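Sending over a structure as structure tokens; questions will come in a sec.
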Amino acid sequence: MAVPVAFFGLFFAYPVAAITARGLKIDGVWRFGRIGDVLAQSDIRHVLWFTTWQALASTALTLLIALPGAYVFARFDFRGKQVLRAVVTVPFVLPTVVVGTAFLALLGRGGLLDELWGVRLDTTVWAILLAHVFFNYAVVVRTVGGLWSQLDPRQEEAARVLGASRFAAWRRVTLPALGPAVAAAALMVFLFTFTSFGVVQILGGPTFSTLEVEIYRQTSEIFDLSTAAVLTLVQFVAVGAILAVHAWTVRRRETALRLVDASVTARRPRGGGQWALLVAVLATIAVLLVLPLAVLVERSLDAPGFGYYKALTSDEGGIFLVPPIEAVGNSLQYALAATAIALLIGGLAAAALTRRDAGRLVRGFDALLMLPLGVSAVTVGFGFLIALDKPPLDLRSTWILVPLAQALVGVPFVVRTMLPVLRAVDGRLREAAAVLGASPWRVWREVDLPMVRRALLIAAGFAFAVSLGEFGATVFIARPDNPTLPVAVARLLGRAGELNYGQAMALSTILMVVCAVALLVLERLRTDRTGEF
Amino acid sequence: MRDAKLELVGATVRFGGRAVLDSVGLDVAEHEIVSVLGPSGSGKSTLLRVVAGLQPLDEGRVFLDGRDLHGVPAHKRGVGLMFQDHQLFPQRDVGGNVAFGLRMHGESKGQQAVRVRELLDLVGLPGARERAVASLSGGEQQRVALARALAPRPRLLMLDEPLGQLDRSLRERLVVELRQLFGELGTTVLAVTHDQGEAFALADRVVVMRDGRIAQSGTPLEVWQRPADAFVARFLGFENVTAATVSGEAADTPWGKLPVPSDARQGEVDLLVRPAGVRLVPAAEGLRCTVAARTFRGTHVAVRLQPEGAPWLEAACALRDAPETGDEVGVAFDAAEIVVLGGARGA
Amino acid sequence: MSTTRKFTAVVAVTGLGLAALAACGSSDSGDEGSGSKTVTLVSHDSFAYTKAVLKDFEKESGYKVKVLKDGDAGTAVNKAILTKDNPQGDVFFGVDNTLLSRALDNGLFQPYEAKGSDLILPQYRVDQDKHRVTPIDSGDICVNYDKAYFSKHKLAPPTSFDDLIKPEYKNLLVTENASTSSPGLGFLLGTAAKYGDDGWQDYWKKLKANGVKVVDGWEQAYNVEFSGSAGGKKAKGDRPLVVSYASSPPAEVIYADPKPKTAPTGVADGTCFRQVEYAGLLSNAKNTKGGKALIDFLITKKFQDDMPLNMFVYPVREVAQVPPEFTKFGPAVENPETLDPAKIADNRDEWVKSWTALVLK
């Protein structure tokens, strides 16, 4: 417990508090009056309103579209399932700059909808909502589907035998068991969309602005730190409130679940209804997720003989001191470091949170762990700058700051993914191990770890992929010139010229492939042994 | 200083104000097999958890080999605990489960292998080392759980409903095996069960618990012959328990005047009439009853008799003599099978 | 069981790694004292150079140069101001004329007159009494046009701000949000310079009536909406006019394969606003000697010659070479709009606010 608390205190709470205080303390005097002033502005209130409702709408839409997907992935067995599960996760980790461009191909001028029905959704709020679905589809599929696949289908069968209709059985038996996972997924989606930045900027145009965008503008462009501080506080309070509600609902629903091996719950679809569902889900994935990705690939190949890819290995052109392809190596290194940190911190936190005697304080920490997801990357980046500037913590110009910042975002994933499973582990197994002479640490290693290996792998996959595509924290942290993939893509896109654009598409494709491969490896790992649960 | 292997003194555990263990004192001697018997909620599982160090005491002390266990964590107590539903580690094979405790105690691979083989032979599962636990039957799981608990040579072995989930015939066979095994090994055992048959067959001494307190403690024979009170008697399965007023050699009961032994306690008491003490006689000769039901119990038939205006009675009849349901019979009572219970009246 | 062990190993390695990293972190910060041979340059993400050129400087001066990139131009300046008491480096490069006053007013730089600053073209010189900053490069923000579109429609491309509000150019221009994009702001400042404090709002009203489209960043404007760029063509962009840089047409040639004979895009040279980037010695620099040497280097002919094709900017030094691609495929912008940095500082936020209310609402 001490390690995660220290980690979050040092690398999150302290920097954010420092930058917020800097904004609100003018000439040594606290100016809390600023809060009222800022909130009285009508544009700020408009931003607040828009931020909230688009997040609610996005979350609802994502659940609506992705829950059938979660079901299909959990319960059906079909060819290419592993690959597909990796593919749907790829959007989640792509930088928004790239995705925005690709997504326009679907919704924008000359896009699929335009060609088929003459519908254009770019610069409408629909583009934002659908892009949010695109990004967060995997969150629901993995979080909910992961648990769903391990729920014993006989429970539902028992309800059917007792006279419940198929839907009633699902609603009365499966849904309550899935409740915490659905809540967790919904919470994450809400957090991501509430703090949405790139998507809103690119697809919404300048007329739509979220709190996050406004904080970025006030900090980075206008340099009005006090307004930024007020907005940071507002976002903090909002996110805190959401997390509190979430913690409350989850606690009410927590039950020890009987988990079974995922491989025995999945069957080949039977009957017209099931096939139709499978086809519908696959079609949704194809149009909403695969098509925009395919556009990227297509554009990266738009030069004869893989021209754009070849250009990546040359160090001419000067945007980079090294060939752009080395960004792949940089990204992998950062991502591995960030994943390791996230697993360590998240694992320790999850273990502490699972303890039966965990008090109210510790459980409160559960919710606090999620806060980094709700705080603007620019706030954290600027906070690092003024908070971590004295030895022994002068980390400002060291490379470790980047994985640390990325881990901050990765830890909540690890905790979120592992907690439900850890809490579902039968406590008496731990007792059995303790009585046989295992110390608490050995108990965790010998009992929990093997049981949650699957969850851990999923968590690791997420943390890794998130770090790989992480853009916000990375660009707001000063770093020596070893660009990560997303940074390199952004830099290439930031210049005129066909080769730059083509290389950006090629690098994006590589980023996509690296993510997909990483995720696919995890998929393999998690099914190469049977009888884990 | 202390002779007992295990000693509990004033052990008290409260869950939100309610005492689950209420000042329990208990000694278990070296090599003794003690069964704790009681209905669910009587605190018997909590008792085991307290000894194992899984449940902290609110008051009182636990001594093992004369050493105060206060503050000693579960993994350092050196006791074995076999869980109710075995709690085998699902991700390990049989050998991995049995070797677990040995690994925790840092024994070498070679020693582990030897001991695992030894134990699997002992519990009658030679060659099962590499089997997955999911492939085991209930009885086999029980044996593996036992081997696992025994492997690190615990100073005290505790069994929580060891045979609870098994079917009757298997249970009866295993309980004999267990007793034999513990006798050979000289293990000190504290077992918890709700099944009196199991407890009596297994134990040197039976402890009956009720509401967190010990209601009676004694050899199986003592407890069986002289239940401490109406609760214990009913828990042991006796049906014919009633309030009575004893004066001289007769007791006044709802079933009329019953003969009692001459040394019986006088005054208001609880009275137990063993089924064997309920003799059937022609309808005109005794207490007039209707046969309400019959249950075959293998060697005899339990007959439920409904007297007019009194609680029903259970009688044990030979198979041949058992009356038909609906028959009118008379009942006479046998003083030798009537016990005046020791506890407070009406308990 | 082997998997369990593997995971334990991972966790253990992570722990060790963290400890090691913490150790690295603290030792790293120790070697930058005043006598240090390392000089640190803080800049924005667009800073670029040829490796060999910097190597030469290191060899000649004996200093090792560490480059820190700190976000986009605005972010980097703001961060530098925020850390001025304990700066991350010795020299800051990349504050432009739109943000210069913010940097100077906040005391970001200490005076230093660079060797060779007498060779800087006079029109770029600022702060002549205190010499807190040294101009390094310049560039022009101008409307670019898609040549193919205008020849296909037999229409003359616009050349001036006035042209852009004419009906024949209705619904053709895309620009960037002035509050989040550097070229967007430059274009706004250009109109303010051209039409004055009173006139620019009126101009923008007309521009809005003429169908100007505003997107958030240059990437969207240029790579998605603009029909003349490589990216925009693929994205089926339908705006043949975009606010970009005077150096964008040469870039369209240089970064094409095969290279075309002429640039696919052109520049409306009467719509330009000049941007100048400066470098300065940070106020609490630890290695002032090294910092001074580095600033001197930035205006040497060697660096000034190397700079244009790396950052797509123009040199500020008299004798520096402008790459032939620039003169061949791009215009020489003769009379760009300019504004006094002090005036920008006074009005910037107010203008952006009015502009937002006027154009975006």
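All chains are identified by letter, namely A, B and C, in their written order; residue positions are counted from 1 within each chain.
The rule is simple: a residue touches a chain if its C-beta (ideal position, glycine included) is under 8 Å from a C-beta of that chain, and two chains touch if they have at least 3 such contacts.
It should be emphasised that the depicted structure is a prediction, and the values quoted were computed from it without experimental measurement.
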{"item": "Top-ranked pair of chains - ranking by C-beta pairs in contact", "value": "A-C"}
{"item": "Most centrally placed chain - per-chain CA mean versus overall CA mean", "value": "A"}
{"item": "Separation of mean Cα positions, chain B and chain A [Å, integer]", "value": "55"}
{"item": "Separation of chain A from chain C, taking each centre as the mean of its C-alpha atoms, in whole Å", "value": "32"}
{"item": "Chain B-chain C separation of Cα centroids, rounded to whole Å", "value": "85"}
{"item": "Chain B residues counted as touching two or more neighbouring chains", "value": "92"}
{"item": "Multi-chain contact sites of chain A, meaning residues that touch two or more partners", "value": "446, 450"}
{"item": "Where chain C touches two or more other chains at once, by residue number", "value": "none"}
{"item": "Contact footprint of chain B on chain A as seen in their complex", "value": "426, 428-429, 431-440, 442-443, 446-447, 450-451, 531-533"}
{"item": "Sites on chain C touched by chain A in the complex", "value": "3-4, 7-8, 10-11, 13-15, 17-18, 21-22, 24-26, 28-30, 40, 42, 45-46, 48-51, 66-72, 74-75, 78-79, 81-83, 86, 88-89, 102, 177, 179-180, 214-220, 222-224, 229-231, 234-238, 244-245, 247-249, 251-257, 309-312, 349, 352, 360"}
{"item": "Complex contact set, residues of chain B against chain A", "value": "49, 52-54, 73-81, 83, 87, 89-92, 100-101, 104-105, 132, 134, 148-149, 152"}
{"item": "Complex interface listing, chain A residues touching chain C", "value": "22, 97, 100-101, 104-105, 108-110, 201-202, 205-207, 213, 216-217, 219-223, 299, 302-303, 307, 311, 315, 317-321, 337, 340-341, 343-344, 347, 378, 381-382, 385-386, 389-398, 400, 445-446, 449-450, 453, 456, 475-476, 478-481, 487, 490-491, 493-502, 529"}
